[in-house]
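We call the chains A, B and C, going by the order they appear; numbering starts again at 1 in every chain.
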Amino acid sequence: MIDRTVWGLFAALLVVLGAGFIAADWAQFLLVLALAKGMVVLGLLVLMRAGLVSFGQGLWYGLGCYAAGMAGNFLGVTDAFLLLALGIAASTTVAFILGFLLSRYREIFFALLNMAFSMILFGVLVKTSVLGSTDGFNVLTPTFLGYAPSEAALGDTVFLLTAVISFVVAVLIHWYLGSTMGFIGEAIRENELRVEYLGVSARRAVHIKLMIAAALSGIGGVLTAIAVGHVDPEMTYWTTSGEFVFVAILSGTGSVAAPFMGSIIFEVLRTYAYEYSPYTWQMLMGAVMLLVIIFLPGGLWSALSRSRKGEGK
Amino acid sequence: MTPVLEARGLTKTFGAVTAADDIHVAVADGEIVGIIGANGAGKTTFVNMVTGYLKPSAGQILYRGTDITGRDSREITKLGIHRSFQIAQVFPDITVLDNVLVALGVAGDLPRTIFKPLRSPKTEAAADEIIARYGIGEYRNVKAGLLPQGVRKLLDIAMAMVGDPKIILLDEPTSGVSADEKLEAMRGLLKVLKDDKVTVLFVEHDMEIVGEFAQRVIAFYDGRILADGKPDEVLSDSSVREFVIGPELHRRSAGKD
Amino acid sequence: MLTTVAILVDGLVYASWLFIVAIGLTLIYGVMKILNVAHGSLYALGAYSAAWIIGIYFQSDLPPYGSFAVLILSAVVIGLIASLVIERGVLRLMYGRDEIVIVLATFAIFLILEDFVKLVWGVDPYFAYQPYGLLGRVRLFGLGFAIYDLALIGVAAVIGLLVWWGLNRTRIGKLLLAVIYDREISVAMGINVNLLFAGTFAVGAVLGALGGALTAPAISVSPGIGVEVIVLAFAVVVIGGLGSVPGVLIGALIVGICRAAAVHLLPEVELFIIYAVMSLVLALRPQGLFGRAAVRKI
């Protein structure tokens, strides 16, 4: 169970922690956002291994964001761990219900039905005035099991929490993908008929994968809400979902580490692009994506593992 | 004794076309049944109905006396009726070993598979044993999509057999195997299946194979059962010769097989 | 009563607009199996170029009614140029790849064009209201409507008829229908797929740009207009059935009327209702109201 990948992830955690604590506040914040969104992309990886791409991950992400925000503002909950539990519960419960429907679909229909559901949530949120409509609302400052960090220490605490959770989640998903149930995804992608005639319900397996992806997105959403201190409907809009798919394609599905790596690269790239040319950063992103699609069908991770294999020769 | 599998008045229509018409069959435990008939005679439709791929338009299917009509393929597989396909159904992008590992891993309850690692010394040993039994050990690490057709068919059957079925329906198990190797391939396959004490129904175009291995032959023609009985009786039946065997010979001489 | 009339007329106007925007999308999907996210940018390109050229046109002394011809011409020109660049320049490299991968490629093109529009036309809004005002207003059943809006219904009908005629009464159209119906057989029949794809994409792109150009006089043309349009157009084509031409008509009518009803009766659900209908249709009939279900042979 404790294999090379787990050690590798642990090493990555140490590097990220080291880098995050010496980095400037804005860079640390960037890292938190990248890791939080990386979890959503990891959820997409689980689906993509089964051959499914969703254009509506913003739905689960947004549910996590809003669950965290609303729990604070309406229930007075500020404990980060409780918020995480609530965020996971919210996104996973909705995924459980919608999963009965979604798990029947494949390919473009799966992608579009996911998108439709996320747009429904968007449509509700922009018209709900108690939730601030299009402006959203501010999220309360979190506490951590009774510890209420000073304003100066808050950033570090959120960062530590995010990094450790990312590590734990990555290891769990790594184990899941190595299990028979995780590998069924691969089987479904390759030949669903064969899967059914092995006595396995592909729908049920996809349903479970959807809930896992939703749970991961929920975690990402809660952490984003805590880190940013604000939520708004944009988080559920189709462009947000598109961005997740973008990062997933950029990263590739080769490893559970790929989404986090891709997400960090994406956030850094976007920050610099936005800094230096606010009107052409999307153009740059689009160009990068086209190049990846054309020249690196397996994502950046495939390039990495290819060059590593090349060195071994 | 209750038949292990029974079809009562099984009928399937597609619009105006009747693909299977009032089929009555009872198969006893352990029987090896050959199914013959020209293309479009209703053989595959029959197999598809029994294994839940198609829902019958009328009639009943009984498994050990229990009505299983209209259940979906997965439920029927779970009950112990497995099948292979005319076009072998494998996972093309993973190795033969991984194909068998998946089949081994999923035998059991889906939720529990989360605790079963796909690869472990134990599962790999079990998979290797299966691969060896079907004589495809040399292809262990070849991607299934790259296999010769005959080997792919064996892998398809091996995967179906992993779940320890009571009945297996084979749709043209030796198609794609060269004519001079067919007999040998079928002999090897049936030996394994007999060791597992599974009831076998196989669809076959080659009358030599049918005559050699079937204990009983069912001849389909135009969606109906034309004859059903001992191989030598059925194969020498005049209408079977006219409507089934004749066209088969013609087909082969035309080089379509 | 007044509300009913308002819902019907507004719904019809909105449906016409959706129809014009979405028909290109479904045409491209039907023939090429590409769900073109960049269709939203084509809409934006059409709107910007029309707004820009109309601004110039009205500074001259040319007859004001000529602006309609200029408007349509600009859409055709920009649509053709964009389609050449997108299809021949990029998409051509990806034929044969997964449907989803090509969607993502068009998403990338969409992002690029979003910024391209900002680079060319800046971020300040454009107003090309003159053609809209030119036609004046009319009272129907006691309610005032802009004639430009009502004319949109006629334009949609003309476009619909042209597409219908093109598909059913011309040789190329029949070939297209054959491809929509069964791609593999058509390819086997020796149809020049390259040419067909390029042509289809060009027609689809021009229709997308035309949608934008015709809308330009009625709105303030500003960055981000393509983002909202594409997701609406998705809803329309999915409801009608991806790739189905009659489906777009029905999809546009359903979405148009639903939205108009929501706006007049229950504004809170305006956006929600469209995607709720889309989800409902997908849930009950995933291939859409007019789509054909795929069959698998074993």
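By our rule, a residue touches a chain if its C-beta (ideal position, glycine included) is under 8 Å from a C-beta of that chain, and two chains touch if they have at least 3 such contacts.
If you're wondering where the values come from, they're calculated on a predicted model, not measured in any experiment.
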item: Most centrally placed chain - per-chain CA mean versus overall CA mean; value: A
item: Label of the chain whose CA centroid is most distant from the centroid of chain B; value: C
item: Separation of mean Cα positions, chain C and chain B [Å, integer]; value: 50
item: Mean-CA-position distance for chain B and chain A (Å); value: 44
item: Centre distance in Å when chain A and chain C are each reduced to the mean of their C-alpha atoms; value: 32
item: Residue numbers of chain A (touch at least two other chains); value: 193
item: Numbers and ranges of chain B residues touching at least 2 other chains; value: 89
item: Junction residues of chain C, two or more chains touched; value: 298
item: Complex interface listing, chain C residues touching chain A; value: 35, 37, 90, 93-94, 97, 99-101, 103-105, 107-112, 114-116, 118-119, 123, 227, 231, 234-235, 238, 242, 267-276, 278-279, 282-283, 286, 296, 298
item: Chain A contact footprint on chain B (complex, rising order); value: 51, 73-74, 77-78, 82-83, 89-94, 102-103, 105-107, 110-111, 113-119, 159-160, 162-163
item: Residues on chain A engaged by chain C in the complex (per definition of touch); value: 53, 101, 104-105, 107-109, 111-113, 115-117, 119-120, 122-124, 126-127, 193, 238-239, 242, 245-246, 249, 279-283, 285-287, 289-290, 293-294, 297
item: Complex contacts: residues of chain A adjacent to chain B; value: 176, 178-184, 186-187, 190-191, 193-201, 204-205, 208
